[in-house]
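Pasting a structure here, questions to come.
By written order: A, B, C, D, E and F. Residues from 1 in each chain.
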Amino acid sequence: MIASTQRRIKEKRESTMPQTENLRPPKELVDGFVGIGTAIIASMMRSEFNRLRHVAVGVHSLTPGHHVVGTAVTLQFLPRREDLVSGTAEEDTEKRSALWESIMAIQDGDVLVVDARGHMQTGVAGEMLMTGIHARGGRAIIVDGCVRDLAPAREIGLGIFARGATPANAGFFELYPWDHNVPIGCGNVLVLPGDIVVADDDGMVVIPPQIAADLLALCRQKAESEVFEKMMIARTGNVARYHPLHKDAQYEYEEWLAADKPTDPSWRPSPAQE
Amino acid sequence: MIASTQRRIKEKRESTMPQTENLRPPKELVDGFVGIGTAIIASMMRSEFNRLRHVAVGVHSLTPGHHVVGTAVTLQFLPRREDLVSGTAEEDTEKRSALWESIMAIQDGDVLVVDARGHMQTGVAGEMLMTGIHARGGRAIIVDGCVRDLAPAREIGLGIFARGATPANAGFFELYPWDHNVPIGCGNVLVLPGDIVVADDDGMVVIPPQIAADLLALCRQKAESEVFEKMMIARTGNVARYHPLHKDAQYEYEEWLAADKPTDPSWRPSPAQE
Amino acid sequence: MIASTQRRIKEKRESTMPQTENLRPPKELVDGFVGIGTAIIASMMRSEFNRLRHVAVGVHSLTPGHHVVGTAVTLQFLPRREDLVSGTAEEDTEKRSALWESIMAIQDGDVLVVDARGHMQTGVAGEMLMTGIHARGGRAIIVDGCVRDLAPAREIGLGIFARGATPANAGFFELYPWDHNVPIGCGNVLVLPGDIVVADDDGMVVIPPQIAADLLALCRQKAESEVFEKMMIARTGNVARYHPLHKDAQYEYEEWLAADKPTDPSWRPSPAQE
Amino acid sequence: MIASTQRRIKEKRESTMPQTENLRPPKELVDGFVGIGTAIIASMMRSEFNRLRHVAVGVHSLTPGHHVVGTAVTLQFLPRREDLVSGTAEEDTEKRSALWESIMAIQDGDVLVVDARGHMQTGVAGEMLMTGIHARGGRAIIVDGCVRDLAPAREIGLGIFARGATPANAGFFELYPWDHNVPIGCGNVLVLPGDIVVADDDGMVVIPPQIAADLLALCRQKAESEVFEKMMIARTGNVARYHPLHKDAQYEYEEWLAADKPTDPSWRPSPAQE
Amino acid sequence: MIASTQRRIKEKRESTMPQTENLRPPKELVDGFVGIGTAIIASMMRSEFNRLRHVAVGVHSLTPGHHVVGTAVTLQFLPRREDLVSGTAEEDTEKRSALWESIMAIQDGDVLVVDARGHMQTGVAGEMLMTGIHARGGRAIIVDGCVRDLAPAREIGLGIFARGATPANAGFFELYPWDHNVPIGCGNVLVLPGDIVVADDDGMVVIPPQIAADLLALCRQKAESEVFEKMMIARTGNVARYHPLHKDAQYEYEEWLAADKPTDPSWRPSPAQE
Amino acid sequence: MIASTQRRIKEKRESTMPQTENLRPPKELVDGFVGIGTAIIASMMRSEFNRLRHVAVGVHSLTPGHHVVGTAVTLQFLPRREDLVSGTAEEDTEKRSALWESIMAIQDGDVLVVDARGHMQTGVAGEMLMTGIHARGGRAIIVDGCVRDLAPAREIGLGIFARGATPANAGFFELYPWDHNVPIGCGNVLVLPGDIVVADDDGMVVIPPQIAADLLALCRQKAESEVFEKMMIARTGNVARYHPLHKDAQYEYEEWLAADKPTDPSWRPSPAQE
């Protein structure tokens, strides 16, 4: 019943990334992306990695200003069916459900990524469960659906990314937590347990661990050159010359690097020689 | 990694339904629903089985007039990611994917139920694959998403239920066939492999096998009384008296049953005695 | 608690249309629109009656080819709330609800127009109730929402217009029949009890009775000239000359009228004299 | 023309709640919910009151951080029709409309709840009208649709909950204020005049007055135990033990209560004896 | 003001396709696609032409069974603004609008493709204009939006593809015909004047003329092999072996070709030799 | 190929507004609207200028509190097609695209208004390009679609109005920048190059230059009287008397004007004489 697709992925991953007991990529690798915006990551993944599909749609920040990097623990919701879930002792039932299991699986540096099928009446987690994620070292919850207790939850320190908030709790109306650490879709993008996720005010990107090291190097290079580009655009308004850097202005960038990246307004590249 | 929820379902199911080698319910039980409309089934499941959630939304008939009953084989699509699926030899890849596996798993009396996440640019199956389903004894394909080759596919004899049609093939744009015979959502309703599905011009309902026998008895009783109700409403326009049958008109129904269910216009119940 | 808006409408209507006991406009007036397409009515209402908002959106024919004209009986659904509707004896409750009341209010020549708030999981009426509407002389049911039992209902002879079909019955999930013969919205257009409604494969238009006579005269005139226009366009492909009729071609139309509207291909207007 | 449904509701309500002249529940009862989050209320209503449907969808806070409790005054919009509303003296017309009537009906402690049918181009109220609501003692405006003048309106002190903001005013494009203090739908939930509404950053819940006292007691109990649960989860990350409180940890909670609810980190329950 | 993008397209096109006076590709080339389904074209364009984006979304057949091939004449709608379009003599204004111009530009073998921005209340063309398109040799109208007069228009013989039908006419509510034979979007796909369009029950695909000859050859080859594949799947149900054709079954196909493509059930390939 | 519609607009505009070399209206005229809210502008345009359609839908502020006035430079996206845009050197291609051209066309006081067809996966501009707009004197970017780099972009000082944010860059997935300074739709409203746009927390309105002077005078008058209205409503809660100003209260306003618009609470109009 395990499709060959999944076998192939497992094989590919085992052959391309360092094995850790729990499938998590090395923490140094993950934390390399701290401070790198999702927009730079998205640009680099697209131009250098064959248009890899990795940008979530519809999931946005409910804690503006938070930039979050972590390793994915996944949680899958499916439509609820009353013959399978007893209605009499709901919370007790939920407690033994995949929702509680997924939170107990959170380790330091993890992010809980949830496929709630875009449902707007399922508040996947509230203040209690998000406090638990935070206490276990989790950095964010990212939900293709909703959260609840938004006002107190914003005080916890956790990054919260979702489609919105609702007073209704998980399993309340139509969905039920079904399984955890299985492949899911979130914002129309595939997330596997152990993937690296980065989220900020633009949304979420997903990075396969096997390309992370190469990607990180490219992003750092890009981030550095954008410091120069932004400085020069702010002075001149000339996006055609400075973004992306035109070959005629390449020598200016090199002078800037040679001058140890000065940021004071008095610095000037030498005039072009034509 | 298998959630306790799934264990409980398996245990419950094993204890409540006759075991068959392949988890399919007995064919006589399934085929008992032939000729019973989804609307009657939905009414009975709701009023007698604790508001069980079982009616699909958004999936409609592309072969109007087809009434289909069968056992669910399920297929799960997830968002496609290019690091996991090679783009160079696509069809060869797909052939070893869960899509081909799911069709080769079809047996006589089955229905392929597909979770394509409501995507409007993924034509899950075309003329070739639908011919295969039909040749293996499959009765319908039911897709939360799209099919393709609709014009020739309508000639095959298979029931086709979906959100629409598109020229784009499976895995074309954003989704990829991921696994088969796992629990899925289809039209916001949960479908397990081995569930009984009934579909007609109103849409699809899903019947858990363990309630099927009781449900069938109720539906047959309801269908019979509606023959009488409809006849009397057509004559009188009195829905308040005849649907559902008012206790004052109960004796008329009993007379009709006693008269062996006459349908000719000359038959009349005896006048009410007040 | 009755808003002054409603008082003003009532006053305006009483002063502009012939009073009938039950607020229905004269049947001859209503039936004058038989055979006039909704597209012509919409054009005339817009160009001659101050852009009157009257064209429903999203409600389409489930019985293609049916052209229906009638007087509106209205039915209003609102979200269901369990403290107000007992769940134990559902059908009995519904029977005393506004749904049954609205059907018992149907008279010969009426159309039941339903505000089900665009809900896709509420099958407002099924085979039994639609049989009742038909038996009472009703001509159509027009629902901003869904119907059920679509396959057998199509055989009844009633026009059926809705957003779609579902196996779920009225009050099943989220809505409940609340009141009848009150002002409603249907497809984003206001419908008052007693309004004239026309529906065909294009959708529905609503005609205030006080403008019906003037509007009908304009529509008939337009329909007649379009017979000529269509004939000439089919021969020449010249939409710029014949639709709408250019003043240079006005004399041709007059010759055609004078010749008693010939339709055989041999008839020709005299050549233009320039 | 008044449906029996409405009669039954009125009868039920009259028999279960203290009668006030204007149908408003006692203010002490309403204000008991101050400080209780909508998420706790939603949980309690669901688990203890038969899955009562009461959580609004799609209406969110435009004044984040505001927690609002009040008694509902309702306002119903319907699609606008030009034969009923003169276009020549618009504002004068509106002033005598249900919109102005509803605001003049606001009393101290009320909340204006508006059914604008989810329309995104109808700014139901702007700075002037919201100033009026506030001046009359109103606490919030909750709109299934939009408001306008959002920037200055945020300074008034009123809670503002809606789908969004638009420069377009009420009645501008497609809707018109039709009636006030009638039953309405708002965010797919029924609101009756006199219902208790609570709104915060999660959205809105509606509380029928007849269950308010019982519900309040349950919510207070829950809120108290969550203080303990959150403290222990923050220390241990053990959501399985502390939320909801496992029976093995029940004695800890009792010790905490006995110790007068200490919140300093040095307090510890005695170790479990196994 | 003409962007360099457009210059480059023009240059590329001029260098890759045979020049005709009116930018239309040779008719023999266009008509080569008659009888080739959009699903085969979509598959071939994707696998052989670099995932070229060319499949429309949301535009479906209103004349089921019609298979249409033609050359695109395009029409662009934009939001209407009353300062630019006089409201007093609407039809006269429209007649000199881009809508009438686009129809007068139709030649034998053309298809009118319309960007109506997905609007559901703009009936782009009715019976009169569609009669004109047909009389001029046009084969279809394809609208990202709606048409009107659907019932009589279905009798004309024109293929009609759209999102739906409405009684409202072009320019009625919110859009106005702005320009013709400019680049447009239709169903999220770019259409240039002179592109080849194919439409059937699956929807529409757009073929750039410069790849048409190569694409056609591939499609014909594929269509031929699918005759064999379908025959063998219908007999065996073995999609894994026959679609796409497995290399082990390649010899069977060659035998079938050698035998002049027999279709009678008695024909059999020789057994595999293993 | 230029439609007569466009000719007529150009003629009308040339005859009604002062000619500037670059079609921009005089800067004093544009800047007159600084401090006037979009809601007042929308009200005045509707009541005094024949219901002119000018209010954008779905485009909201991502920089709350910003009130922006400027002259429109427009940018049109269309669906991307790979035969027209080389995938190998994307950024180089984009740099010569209409996106770069539009930014280089920005002058002091301009606003870039973008038709990105409502697409949620196209981040039209990021930190670099928005820095360029700001450096050139641009005041805002208004996008019917998304932006990227939202967190750093909020620091630039530019007003940002869009449907949302995404990490994906322009041309990433489905759209491509096609042309600039052509007529576009943005939020379902037409925008011509040179139109005056005003945006704030309510959204965007578009003002045709030829009505700007008259409109401005009306808005200023309205804004002044609303100072009085708001003061009196805040004191009395009487919206029926003070908004819009009832004729019975007209003398109070005149007294207030005569008293030089006092705002201290001790000022009172003289009592009404009845």
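Going forward, a contact is a pair of C-beta atoms (placed from the backbone, for glycine too) under 8 Å apart; a residue touches a chain by one contact, two chains touch by 3 or more.
Values in this document were obtained by computation on a predicted structure and should not be read as measured data.
Where touching is counted per the definition, the chains common to chain A and chain E are B, F. A repeat of the C-E interface exists among A-F, A-B or C-D. It is A-F, with more than half of its contact pairs matching by residue number. Across the two interfaces under comparison, D-F and E-F, the one joined by more C-beta contacts turns out to be E-F. As a whole-number value, the distance joining the C-alpha centres of chain B and chain F reads 51 Å. For the pair chain B and chain E, the distance between mean C-alpha positions equals 34 Å. Distance between chain centres (mean CA atoms), chain B to chain D: 39 Å. In chain F, there is no position where the chain touches two or more neighbouring chains simultaneously. Contacts between chains, counted with the stated touch criterion, involve the pairs A-B, A-D, A-F, B-C, B-E, C-D, C-E, D-F, E-F. On the side of chain E, the complex with chain C involves touching residues 90-92, 95, 100, 103-104, 106, 120-121, 123, 126-129, 131-132, 134-137, 148-152, 154, 164-169, 172. Chain A makes touch with chain B in their complex at residues 1-6, 8-9, 12, 49-54, 78-85, 87, 96-98, 101, 117, 174, 176-185, 188-190, 208, 210-211. Those residues of chain B whose C-beta lies close enough to touch chain C in the complex are 37-39, 41-43, 46-47, 55, 57-58, 60, 64-65, 67, 200-205, 226, 229-230, 233-240, 242-244, 246.
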